[in-house]
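Presented sequentially are two complexes of subunit A, the first with subunit B as partner and the second with subunit C.
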Partner chain A sequence: MSALILISVLAVLVLYLGLYNKKSWLAPLGILGLAGAIVLFATGWHIPHHLLAGMLEFDRFSIGFSIGMAAITLLIFLFGPDYYTRMQQHVAEQYALMLFSLVGGFLLSSYTNMLMLFLGIEILSIPLYVLAGAKKNSLRSTEASLKYFLLGSFATAFLLMGIALLYGLAGSFDLGVISAHIAGAGSSDLVLNFALFFVVTGLAFKVGAVPFHFWVPDVYQGAPTLVTTFMATVVKMAAFAGFYRFIDITGMPDALARIMVLLVLATLLVGNVAALRQTNFKRLMAYSSVAHSGFLLLALLTDTGPGSTVGATLLYYTFTYSLATAGLFVLFTIAKRANNGAEHNGIFQGLFAAKPWLALCGLAMFLSLAGIPLTAGFIAKYQVFLLAIGAGWLKVMGFGVLMALLGIYYYIMVARELFVPAEHPTTFVVTPLNGLVISACAIGVLLLGLWPALMAW
Partner chain B sequence: MVYLFYLFAAISVIAALVVVAARSPINSAIALVVCLLSIAGHYILLNAQFLAMVHVIVYTGAILVLMLFVIMLLNMNEEVEVRKPLITRILAILTAGLLLLVLLAATRQGLEMSAPESFNPGIGLVKAIGMALFHEFLIPFEVSSVLFLSAMAGAMMLAKKDGTEHVNLPPSSEPKDPAA
Partner chain C sequence: MELLALILIPFLAATALLAFRPAAAAARGLALTSTLLTLAFALWLWYTWTGVAVTGISHDWVPAWGMRFKLGYSGIGLLMILLTGVLFPFIIGTGYKQPTGDPALVNSMLLFSQAALFGVFMAQNAFLFYIFFELSLIPIFFLLLFWGGEHKRAITIRFFLYTLLGGLALLFSIAYVTLQTPLPHSADFSALAALELPMSTQYWLFWTMFLAFAIKMPIFPFHSWQPETYVMAPTQGTMVLSAVMGKMGIYGVVLFLFTIVPEGALHWTNLVLVISLFGALYAAVIAFRQDDFKRLVAYSSMSHMGLMCAALFTWNAYGISGGLYQTFAHGVLMVCLFYIVGMMYQRVGTNDLSAMGGLKTRMPRMALLFMLVVGNAISMPLTQSFVGEWLMFNGLWQLDHWMAVAGVVLIVLGAIYMLYAYQRVLLGPDRQLEVADADDEEHFFLVPLIAITFVVGVFPNIVLHLVDGPVQQLLNSFTSLP
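And now, the complex of A and B:
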């Protein structure tokens, strides 16, 4: 709880600093506060199941996710000063909105009450609607913001409808009471099935699962790259943490399992197949994000109740995915600047000749996203498939393996560009801080791939 | 009390009909005010004073005044008759008819349903709401302040003029922005 307050106050402080035009102080202050929040969360590690007024529960799952999200936000803030060098206005607001959104992420990883789920989703999303349109003179950014806002509000309406139905059935917002009601109800309870369906629809939108994924490519492409990075990493982690906490209490009744299987199959198929044809790097990463949602949903599908290792797998998968994605977006920004703002996959050409270390880092991150052994991405997918086998979803697992193989192709296609000599001379400008962020992401991905036990609890 | 209920019910139904039937948007909006006020009367009859007050302040006070402002700003006060093609009208009637059917069916089913909790006549009083808000739901109440704060900061950021030129280019001719 103290970390929640710290981050909320930090966001307000950052807003205040914006008033005094202290642009260079914003990122250091934010980084300091985030580090403080990580320490505060870590001190709660040994007090498991710390309940807060029946609304929030700080267990190992939520603390792990919160630390993970704060750490990724910290990496993004390290990238911030360089990203915002040419921007003079509203920088403070953007940092503050990201911190507000992070507070929503903390809530989503620790709620035990449907009210907090709703508030968490809204606190996570509303700053994002604004951040997506932060480049006010760009049509694409404005389009992304409006599209995300309209579709996001629609999804929230579904979520609210589901919560209302659950409240009507169980007479309480408390997850424990709802869980007991679901366990007692038959699988043919139509109202209950509709309630579960609506809540899952609202959450599936947030994680970008097919058929609720239409916003993902446009929003990822239109939003400023720093915001896209935040959306693809921290928001993804938060949405899955929230999704897991809800799925965990339902005990996966048959009706819900059927919906989830359809979501998994559709998401895996559309995400991977559509990514094959993308030439714009941001859109590629958007479909890659959809594809990874498919694997994560497969992990969720195997969750049949408390006490499983699904939570640990989700944390490992989302965190390592976020590390690789964050590092690649920083690399992308460097390459985009070197190519006068072009966004196609070819902008990485010549990187190996100019900056061999960065190119190798980029390769490691691409391989991790593809799931090649020795990287964290492989261990993550392996754990998901093990879970699926353990739960008896063999056919779905087989389809997942097929799609993972398909996914290797498009990651390698882009990774290949890193080593192709440039057609025309390009100069990549890398500030020390950016180099540090990329190296940290790549080393983290490799380290966690070699010693997955680092993140086990 | 029963007569008051019939009075408010009649006012709400008639006002709602006027909202749809009125030619001038201003008359529609004012009829909506009447309709919402009579619904607030229903809330008071149900012993929900707090909800009634909030309803009057938020809906009739804030939202409808805003709507009236918009209507006046758009200068829509002359009688406008919107012409729609026949097919649109048939489809609209069909959709509305289906909605009515579903609502009727749901109401008929709802009559047979029993609520999981019995009705507590004290639930709408200010005291009960205060107790729930500042005791049981204190954390969501406090956390929603973060939500409003972020929404306000975001609205200010989007709405403030900051020297950036207006967006009036087609997407294809958008200038490449090397800053990001």
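And now, the complex of A and C:
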């Protein structure tokens, strides 16, 4: 509770600082607050507790996710001062909106009541609609914002419809009651199946599952890079945390499993195949995000109810994915500046010659996204393999393996650019703080790959 | 401790090369020193071999998924360790006379892959095996991608995807069999070998595993990446691929298929025998028709690998020991042949056989060295290959006379294309090509390898005694099958 309040108050405080034009205070204050929130969450680690009359439950899963999201936000804030150097106005709003969005993420990872799910999704999303359009003068940014907003509200409508149906059936928003009702109902209960379908649709939109993925590439490309980073990491973690909490209650009835299998197959296929042809780095990362959603959905598919290890797998997967993605986006910004704002994959050329350490860090992060052994991404994918095989989804897993192969191809092709000599002289300007963020992400990815037990609970 | 040293020495040397990027001489010196050190360790392991499998290190890694950091070796593993240890100093040494790119980076990549290869041959946990199996690929991938020849990008990508496909299929199999072990799960080979999987499972599991090894070796019809890759790769890369990495396939077949899915392997024996022998014949015929020297050697390598794979599936002591013994002979042979290809390329400026010829009088020493190497290639008595081929041939004969006939045809074809190649390079009318004879450095490289060929050929037990025990153990476990 205290962490939730801390972050909310922090966001308001940051807004006020903006009023007084204290730009240089924003990031340090935000970082301090986030560190405080992490500590507060960590102190509650062994004591699962309920809040707001049992509508929120902070167990190990939600605390783990909350700490993960706060940590990634912290990394993004470390990158903030450099990213916003040239921007004089409305910087405070951006930090504050991200913090508000983070609060939504906390709710999503801990709700036990459908109302809180809805609140969480809205608190998470509404700041993002604004953030995506933060570059007011850029057409792409405005387009991203509008597209995200329209499709997002459409998906929310689905979610609401599903929640309403569930309420009508079970007579309560409480997940426990709903769970009991589902256990009692047969698998042929059409209304129930529709209710589940609608809720899953709303959530699938948030995680960027195919066929609800159309916003992902445009929004990732159009939004300012810092916001894209936030969306690709923290928002993804939050969305999957929310998804998991819902699936953990409903279990996996046959009707739902059928839909989920289709989602998994389509997401894996479209995400990976589309990523093959991307030349714009941000679009590549967008499709890679869709592709990773496919693997995460596969993990969800194996969830047969409480007591499974799916939650731990999701946390490990999303967190390590976020680490690699955040680090790569920072690296991308550095390379983009060195190439006068170009965004194609070739901007990484010459990095190894100029900054060998950063290039190796970048390689580690690409390999992690690709799932090459000794990186965290490999362990994450392997966990999904184990879950899927254990649950008997052998053929789906076989398809996943083929798609993972495609994934390795496109990441490796970009990673290759790091080592290709630049065609024309480029100077990469790296502030110490940015170097720190990149190194932290790369080392984190390797460390978690070597000792996965660091994140076990 | 020696086991960890085998992995750490090349790894640290490679890291140092990558971090400090010393000048050419220092880089080569460091790389050579490190490989000589690992050779010393490998020889020490060989010298102290008592016939009992050794487990050096065993640490929990992620117990929940059966991952253990467990290193050790059996006789077969030791043979592979010895192979890697013996050949890498020569592979690094190739860089002195036939340099590729920036010596610091190239040697660093080679050493990284050596570290991973040692890991592969020492891993006693299937998961660990897989990790090293994939890691050995990455440095080679970069080696080919940056220092390859024509069309390097497309060819490297194809090679990479091919091998990764096999790797992922293997990972899938490992995950599956690990989950079949009783709780707490274990991916140790000892635990996996104790599994008695149902027949229906073994049938498909055999293929998901075999795919990885068939691509690595490679055997027909999983070979299409091989000739292009071998030709395009820089000489050192080709040496690592053909002499050592291909052997991971042979090793994997014995380690995985024969212990985890023996009934599946037994069931598919005939099919595997037929495709590998057919592939071997097919490659031999193609080799004969090649005009490109390097491609000819590449096809000859494929032909030999096919025969070795067939020999493993004969299910008798002759065949299996012969196949394993031949890995060593073949490794030495490939390093020699590709070195000679490189020498000729440097002198004539092309790999085209029709551009060579009549060089014997201009390079008599070279002609002698090449003749001795060819002797090994065509299994002349007293050479290593003679022992290996004889054992394999015997194994095939015991299994089926027609298979043995195929084996004989293969040996004859091998002699034909190798001698024909020799003829086209060195004999015939003098073409007035101004070429230098083999110099001291090249003698320094080839003579020790040729010496190994003959010493191990005359005293095959030096190597053969390593595999006797394990092969007998394997055969005993087969006879106890229902």
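Here is the rule we use: the second predicted complex is superposed on the first by the 453 of 457 C-alpha atoms of A that agree within 3 Å, B and C clash if a C-alpha of one lies under 4 Å from a C-alpha of the other, contacts with A are read in each partner's own complex, and residues count from 1 in each chain.
Keep this in mind: contacts are C-beta pairs under 8 Å (C-beta built on N, C-alpha and C of every residue); 3 or more make two chains touch, one makes a residue touch a chain.
Predicted model, so just to flag it, every value in this text is computed and none were measured.
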Inset, instruction - Consider subunit A as the common anchor and indicate whether subunit B and subunit C clash or fit when overlaid. - result: fit
Legend entry - Superposition-derived angle with apex at the Cα centre of subunit A and sides reaching subunit B and subunit C, degrees in steps of 10: 150
Inset, instruction - Name the contact category of A:397: first (subunit B only), second (subunit C only), both, or neither. - result: second
Legend entry - subunit A residues touched by each partner, larger count belonging to subunit B or subunit C: B
Inset, instruction - Could you tell me if A:15 is touching subunit B, subunit C, both of them or neither one (first, second, both, neither)? - result: first
Inset, instruction - Could you say whether A:142 touches subunit B, subunit C, both of them, or neither, answering first, second, both or neither? - result: first
Inset, instruction - Please indicate which partner A:129 is in contact with in the superposed arrangement: first for subunit B, second for subunit C, both, or neither. - result: first
Inset, instruction - Figure out whether A:224 sits in contact with subunit B (first) or subunit C (second), or with both, or with neither. - result: first
Inset, instruction - Applying the touch criterion given at the start, work out whether A:382 contacts subunit B, subunit C, both or neither, answering first, second, both or neither. - result: second
Inset, instruction - Figure out whether A:341 sits in contact with subunit B (first) or subunit C (second), or with both, or with neither. - result: first
Inset, instruction - Enter the shortest inter-chain Cα distance between subunit B and subunit C once the structures share a common frame, rounded to whole Å. - result: 31
Legend entry - subunit A partner contacts - residues on subunit B that touch it in the complex: 116-117, 137-140, 143-144, 146-147, 149-151, 153-158, 160, 162-165, 167, 169-171, 174, 176-180
Legend entry - subunit A - residues contacting subunit C, complex: 309, 367, 372-374, 379, 382-383, 385-386, 389-390, 394, 397-398, 401-402, 404-405, 408-409, 412-413, 416, 419, 452-453, 456
Legend entry - List of subunit C residues in touch with subunit A within their complex: 62, 64-65, 130-131, 134-135, 138, 141-142, 145-146, 157, 160-161, 164-165, 168-169, 171-172, 175-176, 178-179
Legend entry - subunit A - residues contacting subunit B, complex: 8, 11-12, 15, 52-53, 55-56, 83, 86-87, 89-90, 93-94, 96-97, 100-101, 103-104, 107, 113, 115-116, 119, 122-123, 126-127, 129-131, 133-140, 142-143, 168-171, 224-226, 333, 336-337, 340-342
